[in-house]
Every structure is written in C-alpha cells, then in structure tokens.
Amino acid sequence: MSNPRITLVNPNSLARVTEAIDRAVEPFRRLPLEFRCLTSTGGPAGIQTQAEADASIAPMASLIQQEAATTDAFIVACFSDPGLHGLRDLIRVPMLGIGECSVLTAMSMATRIGAIAIASAAVPRHLRYFRAIGVADRICGELALDMKVSELADAELAFQRMAAVGTALRDTHGADVLIMGCAGMADLRDRLQETCRLPVVEPTQAAVAMAAGRVFGRF
Amino acid sequence: MSNPRITLVNPNSLARVTEAIDRAVEPFRRLPLEFRCLTSTGGPAGIQTQAEADASIAPMASLIQQEAATTDAFIVACFSDPGLHGLRDLIRVPMLGIGECSVLTAMSMATRIGAIAIASAAVPRHLRYFRAIGVADRICGELALDMKVSELADAELAFQRMAAVGTALRDTHGADVLIMGCAGMADLRDRLQETCRLPVVEPTQAAVAMAAGRVFGRF
Amino acid sequence: MSNPRITLVNPNSLARVTEAIDRAVEPFRRLPLEFRCLTSTGGPAGIQTQAEADASIAPMASLIQQEAATTDAFIVACFSDPGLHGLRDLIRVPMLGIGECSVLTAMSMATRIGAIAIASAAVPRHLRYFRAIGVADRICGELALDMKVSELADAELAFQRMAAVGTALRDTHGADVLIMGCAGMADLRDRLQETCRLPVVEPTQAAVAMAAGRVFGRF
Amino acid sequence: MSNPRITLVNPNSLARVTEAIDRAVEPFRRLPLEFRCLTSTGGPAGIQTQAEADASIAPMASLIQQEAATTDAFIVACFSDPGLHGLRDLIRVPMLGIGECSVLTAMSMATRIGAIAIASAAVPRHLRYFRAIGVADRICGELALDMKVSELADAELAFQRMAAVGTALRDTHGADVLIMGCAGMADLRDRLQETCRLPVVEPTQAAVAMAAGRVFGRF
Amino acid sequence: MSNPRITLVNPNSLARVTEAIDRAVEPFRRLPLEFRCLTSTGGPAGIQTQAEADASIAPMASLIQQEAATTDAFIVACFSDPGLHGLRDLIRVPMLGIGECSVLTAMSMATRIGAIAIASAAVPRHLRYFRAIGVADRICGELALDMKVSELADAELAFQRMAAVGTALRDTHGADVLIMGCAGMADLRDRLQETCRLPVVEPTQAAVAMAAGRVFGRF
Amino acid sequence: MSNPRITLVNPNSLARVTEAIDRAVEPFRRLPLEFRCLTSTGGPAGIQTQAEADASIAPMASLIQQEAATTDAFIVACFSDPGLHGLRDLIRVPMLGIGECSVLTAMSMATRIGAIAIASAAVPRHLRYFRAIGVADRICGELALDMKVSELADAELAFQRMAAVGTALRDTHGADVLIMGCAGMADLRDRLQETCRLPVVEPTQAAVAMAAGRVFGRF
C-alpha cells in the first residue's frame, strides 16, 4: 500500500513561495507520507489584501477539485486560509488551513499568542478571521513587518524586522508564544525562536502536523 | 446635476432574484436617487453554501469594478455579503452588504435579533460572519426554513414556513426583532411582521437605507 | 402630502449645541424631509458624567412625548444616548440615538473603531454602553480630549486636540475609522478626516442617515 | 461611637415594597449596624419597563443626596440598579445596587446563574445590563414569571410560578444557582431554595452583605 | 537512533482505563514512534468532580517528572486536563491534554462543537475550562450521559446513551462536530460517528495526533 | 450561642504570610465573628507558578476537611484560589477565594480593574482564571512587580514598585480601581490608595467581607 498523500496548495502564483513551503515540510519527511506542493498558477502574485485573498479562491478551488481523488488531506498554504470553509463543504478528505492550524497549535503551547503579519493591511483581515473562528481572545497582539512580500527576499532584513516585532509582542503585549503570519518563512523559525526567547509556530508546519495526525488517526 | 446612483448587485445569476431585489427598493424611489439592480451573470445559480458564496466573488468583483466610475454607492445583495470587505479595499465609494446592514439596523431597533435562514447549510456560515463582524452576541438564535431557493417560488409555502420559524425565534429564543436572511423576499415583510408581531428587517431595504444616508451625508 | 418630519432633541439645555446639531443636518436638507431640532430646556447644561446623562432623561422624555404625535422619527442627540432604550418602549416611531448610530455606521465602514471622547469621565460610561449594546469588540480604543465642553468653543484648540487624539487612535490602537464622541462638532469632521487620513463618523449625521432610511423604508 | 448606617432606597413609590425590603434585612440586624429603608415617594409605582427605571432616577437621586451626609453606605433596592453608576460619581460612600450584588454574589457560589424576572419586558433590559457590567457569560438563562407586580401580592401564586421557572432554569438551562430578579421577595427565598434544590440569592440580602463588608472593611 | 517516545498518563488509578487509552493509540502505531501508557497509581479511582481532578495532579506530576528525561512528549489523558498548565511550566518537552486537543481539533473540522460529558457534575467544570482556554464560543452545547464511569463497562448501554446525547446535540444545539468528553471510549467512535452522522473527535487520538506533529516538527 | 467562625487558610507553608493575613482581618474584628487563620504546613513555600498553585491543593484540602465540622465559612487565602471550585463540591459551608472575591468586589466599585501581580509568571495563570470565571472583560490590565515573594519583606521597596505599577495601570490602561494580586500585603493598602489616587481592593479583606455577609445572611 502506498503512503498517504498530503497536498499543500499555495494559492498565490509565486513558485518561489511554493518552494519555501516545500522546504517547511522537511522535518516531516521521516513519516510514511507523500507530500506534494502545488502552485495555484491562476492565483494572484501575492496575497496581502482581502481582495487578493478572495481572488485566489476560485483558481485554487479548481486545482483542489482536480487533485481531490488522489489526495488524503489538503493544506491551504496561505495564512488567511482563503476559501477554507467552503472547500470543507466540497471535499471529503481533511482540509486544513495554515492560519487556523497555527493558532490552534499555539493555543496548546502557551496562553497569549502574538501574531507577526507581513503587511499592516492584513491585520484587520486577520482580526476578522480570528473572531470568525472564535480565537480572538487568545491573540494578545498582532504587529506588521510593513515590508513588501518582495522585500522579504532579503532574508536578513526580514529577519531583523521580524525579531524586532516579535520582541515587541513579547515585551509590550505579553506574548508567550509567537505565530508567523505568512507561508514560506520556515527557514527563519529557529533563529527567531532563539532571538525572541519564545516558542515560534511556523504555520505550514503546524498544518502539516495536524494533517498528518488526521490522516493516520482517520478522523 | 443628476441624482446620485446606488447600484445593487445580485451576486447570483438568477434574474428573478434581481427582479425581487428591484421591488424591494420601491419605498425609496421617492428619494432623489437613481437605483440600478444588476445581475452578476457569471455568478452561481443561487448561494447556499460557503463554496457558492466564495465562487460568486470573482465575477461580481469584475462587474463592480466596471461600474465603479459611474456609481455613488454599491450594495452587495446577498445575505452572506460575499467579497464585501475585499471590495471595500478596492472601491472608493460606500460599499455595503445586505447581511451586515440588516444586523446593524436590527441592532438599532431591539435587543435580541432572531435570524431566519433559508437553508440549514447557511447557519454555520452566518455564525462565522456574525462573529467576524463582532455582532454574534446580539443574535439570540438563527433557524432555517429548510426549503430550497427554488421552492421559495411558492410564496405561500415560503411564508408559512417563515412565519413558523419567526414565531419560534420569538417564543423560544426571545427574539424581539427578526431579520430575513436572504435577498428577494421583501414582498413578504409586512405580512411576516403582522403574523409574528415583531419588527422585521428586510436586508435589501436596510442596505438601501444606509447607502442613501451615506450618499447624502457624504461619509 | 407633507414631508415626513424627523425631530432631533438635544438633551442638554445649551441652545448653542442645538444650533450646531442643526448645522450637522445640512447635507440631508436635499431630501424630502422636514427636520426640527429642539432643546430640552429642563436638561443639564452639558452632559459629561453618568449622573448628568441620567438627569437629562426625565425632561427630554416629556418633550419627546409632547412631540410624538407630529413626528415620524426621533433622534436623541447626545453621544451617551440617554434614555434611548426606555423611549423606544414608549414611542411607536423610530427612536435613534447618535451614539448607537455612529458605532453601527462605523461598523459598516471599517474593522477597528477609534472613539474620541470629550472628557475622560465619559470613557467608562461609554465602555459600559458599548458592552450593553454588544459592540465593544469593535472599539479598538477610546481617548479623551480632556477639554471642558466650554473650551470647545475655541474651535481651533479643540480641533488640534482632536487631531492629536485621532492620530494616536490610528497609530497606537490601530483604528481604521474614527467616531466623534459628542454632538455638535460636525463642522470639524471634514478637516479631521483629512488630517487623520481616516474616515470620520459624525454621530448626528450617522443618526439622521439611519432615521431617514427608516422613515422612507417604513421599518 | 454610634453604629454605621446603611440606607436602602426603594426607587418605586410603593411603601409595601419598602416594607418587604425592610424584612429582607432581618438576618443582618445582629450586626453592629443601623439600617434605614426609605421610599422614593416621587418614583413610579413599580418598575417594569426601562422607561420606568429611567424615570425613577431623578427623585431617588434627590433623596440620596439629602441623606448622604448621614449615611455610611447606600443600596439602590431595585434589581435594575437605576442610576447606580451615576450616583457612584456623586456620592463618596459605598453605593451598591441589588442587581449587581446579586449577580456578583451568585458568581461566588456556582458557575451557571439562572435569573428569575417578574415580567418579560424586563428581560432585554437585564440582558443589556448584564452585558454592560461584563457578567453576561455567567447568566445561563433568564425566564419571567409574567405576572404583574400587583399579582405578586398573592404570595402562593407567585411562589408556584417562581418555583416552576426556577426548576426550568435548572433543568433546561443548566442553572446551578438562582437569583431572584426583584426586590421584596425575601420571604420566599428559603422555600424556593428547598423546592428547586439550588442555592437562591435574594438580591437585597446580597447587597446588604456586600455593603456591610464595605463599611467594616473601610473600602 | 531510536524512535521518539510519547508517554500518555492516565491520571486516575484504573488500569482498565489505561488499557482503553492504549487501544485508542492503535491507528498511530504505523508511525516511527514509541508509545507508553502509564497509570498514575496514586490518583483517584475515576475523575468526575473538580475535587477529584485536583486530587489527581500531585501523584501524576511526580510520575511525569520521573519520566521526563526519557520522553519526547507527554499526554495528560483525562478530558479535564488536570495539572496541564502547571506541568507545562515544569517540563521542557511538549505537554498536551486530551481535552484541549480534542477541542482544538474539532475547531479545525466544523463550526459548532457539541461535547458529550459522562456526568452532569463535569459540565460546569468543563465550561470553566473552555472559558479559561478561550474556546467557549465554539461549544454549542454540552450534554451528559449521566452514567457512572463504572456503568460505562456496559458498552452497549453507554453507546446508546451517547448516541442519544449526540443526536440531541446535533438536532437541538446545532452541533456539526462532536467531541467525546472522556478518555477510554475510542472503541465507540466509529459507530457513534455513523449513528449521529457527524464527525466525532476521540480526545486521546486528537492528542496523539498533535503530539506526533510536535515531535516530528520539533516545535 | 457562640459567634460564627470564619477560617482562613494560607495554602503556602510560610507562617509569616499567615500572620500578614491575620493582620488583614483586623477591621472586621468588631463583628460578632471568630476568625481563625491557618497555615497549610504541607503546602509549597510560596505560590508563584501554576505548578505551585496546583501542588498546594492536596494538603490544603486535607486541612479544610479536618476543620469543616467546626467552621461556618472558609477562605482560601491565595490570589490564585487554588482548589476553590473543587472544595465547593466537597464542603457545605460557604467557600470563598480571595482572588475571586477581590475581582467581584472591585466590579461593584468601578468599571475598569487593574490587577497588580507579584510575578510575571502569575499573569497568564490569572488571565486563564479571569476568563474561567467570566470576568476578563472587566480587567483592563495586569502588571507585575517582578519581585520575589522574599523581596517583599522589604516593605518600602515593595511599596514603591507597587505604586509605580498601580500608576501605570491608571494612566496607561485606564484603571479606575486596583486589586492587589497577592495575600499578605494589607498593610500597604491605604498608602497605595493615596499614592495612586484610586480605590484599592485588598483581596483578603474582600473575601472576609463577602464571607461575613454569607454567614449572617445564611446564604
């Protein structure tokens, strides 16, 4: 019997982001699972606004429906979980979103969650979402890097901003766990954790962990 | 100077629903406004599931962007307010949703709001939305007619179910105001109000009222 | 048939405030409505404390009951909405409060509402009220000008403090829409909006907009 | 040195209710305190609606201000706590409300509080108040006797209704403690407790207990 | 290198329950993990009351500290998660509770969670806990079997009660996912799921899934 | 008939803290009550972490059960109220916790409660507890002295830190009442109140006040 397959879909069209998502899966390759990371090529080139998140749903939904017969669990690999709840109605296998999974995982680690957003524009959207899924009381603050997704290519600059924001969440907002509010930054997780001296949840890894559990536990 | 124009967009492709939306506007035709009701012909044939709501966004967004230069306010005329928050980021003029406006209006009328949904499948979606916009505490209950949108064509049957559900919301859940959780049923409002002996908010009218206020007040 | 009449009642006894309320109505005079602005001459000379708000109810209620037969909608024109919910039990026509309407309107414009209070003493009262009407989660912060109502006569000074407070709400509390927590300051709205680069809701105008909608929509 | 004095004010004009409030104080007469129960003769003849609660504030506030110099703590003896927060701003000594104290006391006894209202009309007002003071999550349900205050003179009839409502709160809403949502029914407490097999908080007694503590503890 | 070890601790002293916990792990034995299920022999013989939950903490904490050096993740295998947050302060490796994990997992599956408790006495304790961890808004209802832990030995009787309670949660409270509020009933999960036609989360399996994810993801 | 007895139990083993608790009772000695302050000698030497709070329960529960037959009310005299809800299930007489009572008392004094913690480590535990008992919305902020319990022996140093923290809660978080988040500091209450110009609730006194009320009111 072949190993179960988990398919991660990057709803934006940037192959570079899909590659980073693929690297995030690395620690789980020891498990008897097959991972496949797909780019939703019809999606927008980056998701910062609510409009971009909404625009990413239709092409991603088509892609997921094509893959549904040969996949045991799906992961929507954008922190805003575009289309997640609708896809759950359509597809029978476990359907997880990296935003939701990162918060749920952080909830099992500490009491006050600090969220690091890429762009300020994302913060009200995240807030609406945290409220929608009933977890807003656990978020003690969310701060944005206020860097463009493109600038994040300068990993050192991104890291320095992220560390500053994470430290502010810890010291000013009382965070005792941090979540990275974006896919594709797993490479920075360990270093951020050391610099901020707080556990850091990388959302793709949180979702892979929960997806693997669902696949083996058959629930 | 010509009158300001309010454009109502039906995100599903059913012209019949657009016509009913047009009739709902009737009481406001006395105002110095021009109303235009459009059908998003690329949208799904009815919006019951979250997936259908999500699928309606892209074609409706295109339509709205085409009309934006010649419109003074937009109304997304589906109770789930698909795409509403994203469209607000894109379009400068007031952008209102009939779901949001119906709840906000009911909040100014009484304390406990009972919501009447068409389909059970809509209830968890509405609940996520009520939470997202921070009004869930005001909703004392939501019950579904459990009729198909197509069956609603039998107006008498629909009305009887709606009256039964409204009465249950009043007597069992303590509702002191009702909202109709669907576009296109304005014809039934007065009768429902009399039968249930509670004020009833028709969502399209609630949205037109708020849009008119925004247009004249220039805010 | 004569035009419907909307009566705005200033619950404090300052005619100067009533005049400012009257000016706030200006943008709506294009509508087929008659507006009447009354001073509750038996009310306190300004409403800052909860005790003053409470003391304003009895004389205002008398005035409103006298006018009820000839009015199609009432607006209680004090941000604390004194007596609003009780008056709704007594009077059949739409009864709106400028505090409630300003929050509900802001809720349809953006996600995080910053409130500008005149006096610090008002902030806990507003907080209790925001909670009572179930909207506290949408208020991201409230800051006070800490100027006396009398000092507000120096419009420039008031404006400078208001702009500073509005900017702090935007930058420190994350507000993406502001509400002015007092009647009679509509003259400053446009300028505040430009200075703070955020939409600003003037509460009297928000209430007039909703009242007009209720009158024409007959709900 | 004379004993400290606690003044209870009945905000309605019914001397009969004041007498029942006086009887509720009985268990505390063993303490080195002087109790005085006053009728606000200018108040309404019974407080069921929000409008009546609001109308009771002005005459009661006058009475309390007259007595303030010779009283060590005040109790507003109506479950809706009319004027309570405003009076706290005006008067230096402890100012307690029987509604607030009954909920706070029940919160220290069990997890889910069931409230027994006299009239249905009171329920939305109580709900707004429970939210205003941030305790709504602890109220698992509120049911009304739906008897007129005058009918409560038939103590046996009132008791039977109250027992039925208390039992429904226990069995259907999960209440593990009950509060009586009205002053003047202390005579029925013990019997209600036995019949419903749940602890019952009588609000006047809850307030006297907290007032006595404040007076002796000097806080 | 040997496989990572996950240790599950049954905080009550019943070996029979530990055996049932061990059976619940079955689906995960395919993973490169070692599972060890321990009985806290100094714990109470069953945990129904808050007092029993509290009494189970001290002996379980000793046991866990003894095992900490040779374990990669711990699971507190009682739905009330006794001692969980304190143990997190003491022990470096992931420390998960089956109650918390079952709710978090259900949150990623559907919107309204129905909880099935063994005893009525547990419901207020669970409610306090759901509030403590900020998830109470997601629980649409909790109903108890009202059977003793000992009676659960009659698996058929237990199942029939559980199915009745699950169906009531679905039909009356609107649950779209169920959680079993007790360890040791994994054998009944599939059948309950089929009978109630809702996904059912077995808490031990939810915790094992999340623990495995944490161990492989190294977070 | 002898006076009713209220027993206060210090769940940590420090006799010095028990002595300070005994001094806190002083203002209530004028009442016809007997007070007894006991040290739980089997408890931990100070309670800062959740683990220490949990470890204190078992020895304290034994002590309380020994004393139950001869006591009319118990007070758990640690701000974290260890074991409180479980003890309520076991013991018939009123069982109060100083943490819960301090918050409930502050709720009857002002709108926004600022909490002063001894150690940062306590803050997430308090937050979980405030949520568990449904009062978190009333806490506008909690700040820690970040001094060891032992350092608190230097009363002047402790006072200066406490005053600084109290002032920050007032000015930055908007507190209008403060609670001291620790037993044994009643000596500092009056001075803190004067320095911060806010009412200050000392938790042991709040609990004694509520316990006395329960004992005389027989509820």
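Read from first to last, the chains carry the letters A, B, C, D, E and F; within each, the first residue is number 1.
The rule we apply is simple: a contact is a pair of C-beta atoms (placed from the backbone, for glycine too) under 8 Å apart; a residue touches a chain by one contact, two chains touch by 3 or more.
By chain, UniProt protein names: A, B, C, D, E, F = Hydantoin racemase.
All values derive from a computational prediction rather than experimental measurement.
Between subunit B and subunit D, the least number of touching-chain steps is 1.
Greatest Cα centroid separation from subunit A: this falls to D.
Seen from the C-alpha centroid of subunit F, the farthest chain centroid is that of B.
Ranking E-F and D-F by contacting C-beta pairs places D-F first.
One inter-chain figure worth recording: subunit B and subunit C are separated by 27 Å, centre to centre, where each centre is the mean of the chain's CA atoms. With centres set at the average Cα position, the gap from subunit A to subunit B is 32 Å.
Separating the CA-averaged centres of subunit A and subunit D is a span of 51 Å.
Taking the mean of the C-alpha atoms as each chain's centre, subunit C and subunit F sit 42 Å apart. Across the assembly, subunit B contributes residues 85, 88, 110-111, 128, 131, 133-134, 137 that each touch 2 or more other chains.
Chain pairs that touch one another are A-B, A-C, A-E, A-F, B-C, B-D, B-E, C-D, C-F, D-E, D-F, E-F. Across the interface of their complex, subunit F is touched by residues 49-55, 57-58, 61, 83, 85-90, 121, 125, 128-129, 131-134 of subunit E.
Residues of subunit B that touch subunit D in their complex: 110-112, 137, 174, 176. Touching subunit B in their complex are the following residues of subunit D: 123-124, 127-128, 131, 136. Per the touch definition, subunit C reaches subunit B in the complex via residues 27-28, 30-32, 85, 88, 94, 96, 100-101, 104-105, 107-111, 133-135, 137-138, 189, 199-202, 205-206, 208-210, 212-214, 216-219.
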